[in-house]
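Just so it is clear, A, B and C label the chains in written order, and each chain counts residues from 1 on its own.
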Amino acid sequence: MDENLRILEALLFAAAEPLRTQDLHERMPEGADVGGLLMELQKLYDGRGVELVDLDGAWAFRTAKDLAEALSVERHITKKMSKAALETLSIIAYHQPVTRAEVENIRGVATHRGTLDSLIEAGWVKPGRRRETPGRPLTWVTTTSFLDQFGLESIMDLPGLDDLKASGLLDRRPAIEAASLSGDLFGDEAEERALAQDLNRDDLKEEDAPEDMLEEL
Amino acid sequence: MDENLRILEALLFAAAEPLRTQDLHERMPEGADVGGLLMELQKLYDGRGVELVDLDGAWAFRTAKDLAEALSVERHITKKMSKAALETLSIIAYHQPVTRAEVENIRGVATHRGTLDSLIEAGWVKPGRRRETPGRPLTWVTTTSFLDQFGLESIMDLPGLDDLKASGLLDRRPAIEAASLSGDLFGDEAEERALAQDLNRDDLKEEDAPEDMLEEL
Amino acid sequence: MSEQLAMSPDFEEDQPRAQEVHEADALLLDIDGYEGPISVLLELARNQKVDLRQISILELARQYLGFVERARTLNLNLAAEYLVMAAWLAYLKSRLLLPQEETGEEHTAEEVAEALQFQLRRLEAMQNAGEALMSLPQLGQEIFKRGMPEGLSVNTTIRYNVELYDLFKAYGDIKRRNEDQGYDLPEFQLMSAENAMSRMTRMLGQLPRKGMHTAWTTLESFIPEGIKSKLFGRSALASSLTAGLELAKQGKLEIKQDGLFRPVYLRAVSDLSDAEVAAQDG
């Protein structure tokens, strides 16, 4: 076995965290073809109990997903994530880079202290660039640890990402802008019918007479 | 690759401690030939960057011993030395053996603990004998590394005070000279422009004057 | 507004149907599990068991108002945000029901309803995405990292960028510092108040006279010409003003300024009366 391949294998085995290609360059002997060696190593471990995974440019050995059952004894009991934290995490994952205000807008509530904190503490989200808009708000993005946690190679592998994109639901803007500016909402026949139904509902009109409502308002 | 071999590989990889054959029997599927599989796995990893080792009846993956060096990186950092450290070093060099109190006395300021520490860490000074005076204070001397760093054969090669004076190193600082020789009041164009600006800023415009003066006349 | 709404007898006639009472109760029981009104609206919308794109905003508004009403009946205190949402929905409902008119609002009621629907769909999508994420194999649950990583170490060696010259210079600095005991006051060249006074007195005598007073002259015209030093220029201005004030106090001249930062004018006061001046001129 090639000496450089041995070193690469040992490095990735010994590291507690995924190693970025540039970290590997720094640690490998001068002139080593890190990219080529990574490919070779990944091939070597293909179909094995342990696999070399590429986490968007960071590399780590991980047990094969299909062995989950056999490895259940190793399972740690983890705290369940709060609903708020999970919602925030998925919004950051699917809408990244996204500002806190945008997250709050999508969720329709102010973010409690501790929600974002817990995600940062878990190492799943980190600050991205500042948005070049008034106030230069900070954006949030997911980390390599996030990809590692969910066994994703990149954020392009997020479940259902393509469908969400196609449906126009990955719009960070306030709903009133997102809804009124996306043509398909107004162009959709079903939509128009639904709206028409709304307006023609006799039962509703009977129940809540407009005059009463006006009086109350 | 055999499914049981894959499971064994993953188990040993994920385990937080070396696993005894008995532990493996418990975790492996019913009827698996643990002993045979261990031999097979050990052979598979023979000569690789990672090896399967038998630690007195318990099994674990370990990075190959001969690669230990490759798992640590040497990082060279070039730093500037603080003025305080440099002054302290020069006093130790010129006055050695010298006590800390004497260093402070010569410098005219108290020396932070970290200042001497950084010189010790750099390997340039070391403790000498204790001075046979009340309190038996420790003295400090320079090291061979100090001589190496500055390309000196011995501390006798350090230039004397007279030499330093002759080379101009003990002259008054240019900055002080400039301040005390502020005789050149007239003739500086930049100054003139600055003055003109000043006067304009204060609204002391000459143009304002003539009409007013005429009115009065 | 919403409280009025809730207490209105008209509104009470609008009793939710039995099944909805049940729904609202389930929501209210678990109100802490909801992240505010949007979250509750989404739950209500899901209970309609239709695609959110087909959801009736009017029906949803009615259900939500029923939910708030139910909370009031049960004497449950809802957070203010829930009541704000109730008021907003009541308003939206009325706008949707009323014929289109020029309200001067930026968005039509239909657009606002669309936006609400979009908001709900987007939030639902994110909640579903969260569930999808959690159903992925996870590190420490289904995927494992190495249990005993040896870890990678970094040995740092520091090289100091110091040369012999720096060492000598440092020593020289100490020696010089010890020699330079005491502090030399820097010399400044300034115009003294006495200097300014004599200068101004001399110049006042040379100003053209007419009547009892001479002409108004700016303060700067008392300052020597061709000053190259900024500091000297400033001191000359300050000293001349001081001298001018002193002379004014003595009654030898008058000073005026039209406003803040406006030029300062001075003029000499003649010792002679108007008649004497006239006689002299004659």
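Rule of thumb we're sticking to: a residue touches a chain if its C-beta (ideal position, glycine included) is under 8 Å from a C-beta of that chain, and two chains touch if they have at least 3 such contacts.
Just so it is clear, the structure is predicted and the values come from calculations on it, not from any experiment.
Common partners of chain B and chain C, by the touch rule above, are A.
The most distant chain from chain A is B, comparing centres defined as mean Cα coordinates.
Remark: chain A and chain B have CA centroids separated by 39 Å (rounded to whole angstrom). If you average the Cα atoms of chain A and of chain C, the two centres end up 33 Å apart.
Each of the following residues of chain A touches two or more other chains: 11, 13-14, 27, 61, 63, 71, 74.
Counting partners per residue, chain C has 144-147, 150, 152 as the residues that reach two or more other chains.
Interface of chain A with chain C (complex): residues 11, 13-16, 27, 60-63, 65, 68, 71, 74-76, 78, 81, 83-84, 86-87, 89-91, 93-94, 106-109, 148-152, 158-160, 164, 167, 169, 171, 174-176, 178-180, 182, 185-186, 188, 190-191, 194-195, 197-199, 201, 204-205, 207-208, 210, 212-217. Only residues 1, 5-11, 13-16, 27, 29, 47-50, 61, 63-64, 67, 70-71, 73 of chain B touch chain A when the two sit together in their complex. Residues of chain C that touch chain A in their complex: 1, 4-5, 8, 10-11, 14, 33, 35-39, 53-59, 62, 81, 90-91, 93-94, 96-98, 107, 110-119, 121-123, 125-130, 132-147, 149-152. Interface of chain C with chain B (complex): residues 144-148, 150, 152-164, 166-178, 180, 184, 186-189, 208, 210, 213, 215-221, 226-230, 232-234, 237, 261-263, 265, 267.
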